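The structure's right below; bear with me while I get my questions together.
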Amino acid sequence: MAELTHFDGDGHAHMVDVSDKAVTSRVAVAEGCVKMQPETFALITEGRAKKGDVLGVARLAGIMGAKKCSELIPLCHPLPITKVALDLTPDASLPGIRIEATVKTTGQTGVEMEALTAVSTAALTIYDMVKAAEKTMEICDIRLVLKDGGKSGLFEAKRG
Amino acid sequence: MAELTHFDGDGHAHMVDVSDKAVTSRVAVAEGCVKMQPETFALITEGRAKKGDVLGVARLAGIMGAKKCSELIPLCHPLPITKVALDLTPDASLPGIRIEATVKTTGQTGVEMEALTAVSTAALTIYDMVKAAEKTMEICDIRLVLKDGGKSGLFEAKRG
Amino acid sequence: MAELTHFDGDGHAHMVDVSDKAVTSRVAVAEGCVKMQPETFALITEGRAKKGDVLGVARLAGIMGAKKCSELIPLCHPLPITKVALDLTPDASLPGIRIEATVKTTGQTGVEMEALTAVSTAALTIYDMVKAAEKTMEICDIRLVLKDGGKSGLFEAKRG
Amino acid sequence: MAELTHFDGDGHAHMVDVSDKAVTSRVAVAEGCVKMQPETFALITEGRAKKGDVLGVARLAGIMGAKKCSELIPLCHPLPITKVALDLTPDASLPGIRIEATVKTTGQTGVEMEALTAVSTAALTIYDMVKAAEKTMEICDIRLVLKDGGKSGLFEAKRG
Amino acid sequence: MAELTHFDGDGHAHMVDVSDKAVTSRVAVAEGCVKMQPETFALITEGRAKKGDVLGVARLAGIMGAKKCSELIPLCHPLPITKVALDLTPDASLPGIRIEATVKTTGQTGVEMEALTAVSTAALTIYDMVKAAEKTMEICDIRLVLKDGGKSGLFEAKRG
Amino acid sequence: MAELTHFDGDGHAHMVDVSDKAVTSRVAVAEGCVKMQPETFALITEGRAKKGDVLGVARLAGIMGAKKCSELIPLCHPLPITKVALDLTPDASLPGIRIEATVKTTGQTGVEMEALTAVSTAALTIYDMVKAAEKTMEICDIRLVLKDGGKSGLFEAKRG
């Protein structure tokens, strides 16, 4: 059975030693969505120009959330992030907002947690900004889509 | 149509003025889950005693995440949280881990974002600790379950 | 001569004891501006709709900066902020952006540092976003405009 | 017209990708000042030895502020800062305090925002420590003085 | 045998519910020391005027450390601190520096952790500033000296 | 007499310039302990399985504390930590808990402050979790045990 690398031989949590890993270019992409009622969806999409840009606020929160990843996740390594970008796309078929985050670094370990944290923070921010209109929104399907760089090579999730 | 309270009349984001709201006891409960392969589920549940307590680490991360909520969510008010508790329950039917967070405060605004942030941070931490074994886990169904205290009164989500 | 309240009788810095001050509604307003070349000014004002909302990003940064005030300013008291709002107004006569921040709390000490920190953080963010186009921008005239609540009563700066 | 690099083609804010930039030695120098009444100026300069070292506190706040830059400025990259120094010089001709900050890194992007944040935080701290004596102080003329290292080469502001 | 209040009936860590505790004035005093070689002690005490004020830097670090307590200690409640003061006294008989921190709040739980964190942070800062001269310094005897306010009443440690 | 490197020629605190130091593998080990009454010791050691894992919580707090070092210690350089591990060992002869922290980085300066901060934060967390049972615990004998990498070479403290 696979080992949980975040624990040592005695079962004690530790921050894994990456001192001997190569400094390489690394990238990770994560996605997720926030599902809501059609009325709430309309509130966000129709209001963007005039009444306030929910997705613009959530995008910034996601970028800043990626930078806070190693503070939030106890055993994450701090990393000098070199890029963060978020796509927030209204999808009437949910209805809701699809979120995708791309993070890059040049470092000794991967940035999948940074990408997942960016998606998660953007999703929570959407919830926060619209919760006065609807409390039943759900944050769903947060997952890693792609990871590359480093020893373990390319990972790509199956789409759809 | 409902208004988005986090924007003023010109569509500019602001932190809503809660100065005139009463200081009352407030509580919020949120839930969510992390879905995984049966092998990964076994790794967490069977390994708890000897190989490392994934859920114990995730529980702490969730508690500390609740305290970071107003730093992460741009328009959230800082609040003196008076209680945070997380339940993390392995559920073989997912298979995966169910997470429930309860947060209380005595303050001028609610703590639903703190509860949702606690669930979200605990879920990300589970992902982080087990990602060496499986990269296809999904964080799902994060939602508000209960909110009480304050002017808007009791909200309870429909179960299942 | 007036005393510097942030030092004790031996000249040692301390966080002033506000334990016995009344919990009252407090408000502070601060202002400042960022001066720039006309071409840079045009870049910000003409680009708002299509090319990116510099002022929207700066506004959010200012709101979040107000929440970080007691972390940045060594002897500031942490306070449960109840409102933050920023106005960012392009002014062709500078040319540049005028920034005004309003902060409220219900607490034992004032929020002028929070308002000044909000202005300052918004100004730095404008600089950051436009610095690829111009490095000679200046952040100017940051000052307290109004303060009310608490024992010292109303303060209003002379306008212009 | 120049482009705003912090926005992508759709006008969405992102943290610029610096993955392919060279790791080089970089330095930035910024300056600014706090203007005040002669009585307040005397309070700071005459009180340094006995009544409390306002400038010593502000210098430390500026150093720590530089380290918080990427938390405060939404699209700033986190960087391993290798040096921060602040000069705080009383200038009777203002009257007030002149602040200059020098920041270095060995990294993939520049440190001008760190230097500007250091000046800004030191200025706010001076305001905080003396505000009981004067509320009309102004923080002025914060600007970049020098930047070197990296592809864009040397920038030097015109002096006075 | 006494119960550990930071765990629930199942042995799971939680942040204790203080929602029903009274908001009262609370104070805590903690102390500790840093022991060093006589030459190091001389470096600190003789150098204060001319060569740099180690104790001034450590005092500020302690004050700011108190404000970070609830971020550092996982199950600590965030509290609106109303006073922090540190005394740092050179003691040739150690030789070393004695540190005492006093913290107050008006809140629902005590501030002993804030006082202990202030002492601890000040001690670490002294170590940091002098470590180029001596690596064998020890941080010792950090303990609670006094606690008052709240249901449990007055606690005073026996003095030496 | 040795110089205090954290002050410049005028006695002003600064963050030392490490720009020209080599990027090398660095390691530091620090230790300390928390002394307590035998009854308190029993509460921790006997309760681990059923009543709550004090040492597990303290271990995580220590790991996260190491990551906060450069925020807490004013003149510390931020560093990309590559490993943190803590050993917490009950020692009936104290009685109390012995703490040892190991930190690694690949950087331009050492990690002894990170190791000492990890020990200190773990010790404070033990105090916090057990303080309802005993307020007279003491945090003792925090010191550097080993440091290697960088120009100054190997340092090893004398044991016992």
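Which chain is which? They are A, B, C, D, E and F, in the order written, and residues in each are numbered from 1.
Just so it is clear, contacts are C-beta pairs under 8 Å (C-beta built on N, C-alpha and C of every residue); 3 or more make two chains touch, one makes a residue touch a chain.
It should be emphasised that the depicted structure is a prediction, and the values quoted were computed from it without experimental measurement.
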item	value
Fewest touching-chain hops separating chain A from chain E	2
Partner chains shared by chain E and chain F (touch criterion as defined above)	B, D
Most distant chain from chain E, judged by the mean position of its C-alpha atoms	A
Angle of the C-alpha superposing rotation, chain B to chain E, to the nearest 5 degrees	120
Fraction-based call for chain D against chain A, same above half, different below	different
Rounded Å distance, chain B centre to chain C centre (Cα mean)	31
Approximate Å spacing (C-alpha centroids) for the pair chain C, chain F	37
In chain A, residues with contacts to at least two other chains	12-13, 53, 56-57, 60, 64, 68, 71, 74-75, 78, 80
Graph class of chain-chain contacts, one of line, ring, star, complete, other	other
Pairs of chains, among all present, that meet the touch criterion	A-B, A-C, A-D, A-F, B-C, B-E, B-F, C-D, C-E, D-E, D-F, E-F
Sites on chain C touched by chain E in the complex	8, 12-19, 23, 70-71, 74-75, 77-80, 107-108
Touching residues on chain B, where the partner in the complex is chain F	53, 56-57, 60, 64
Residues on chain B engaged by chain A in the complex (per definition of touch)	1-7, 11-13, 32, 39, 42-43, 47, 49-54, 57, 60-61, 64-65, 68, 71-76, 112-113, 116-117, 120-121, 123-125, 127-133, 135-144, 147, 155, 157
Footprint of chain C on chain E - complex, ascending	25, 56, 59-60, 63-64, 66-68, 78, 80-87, 104-106
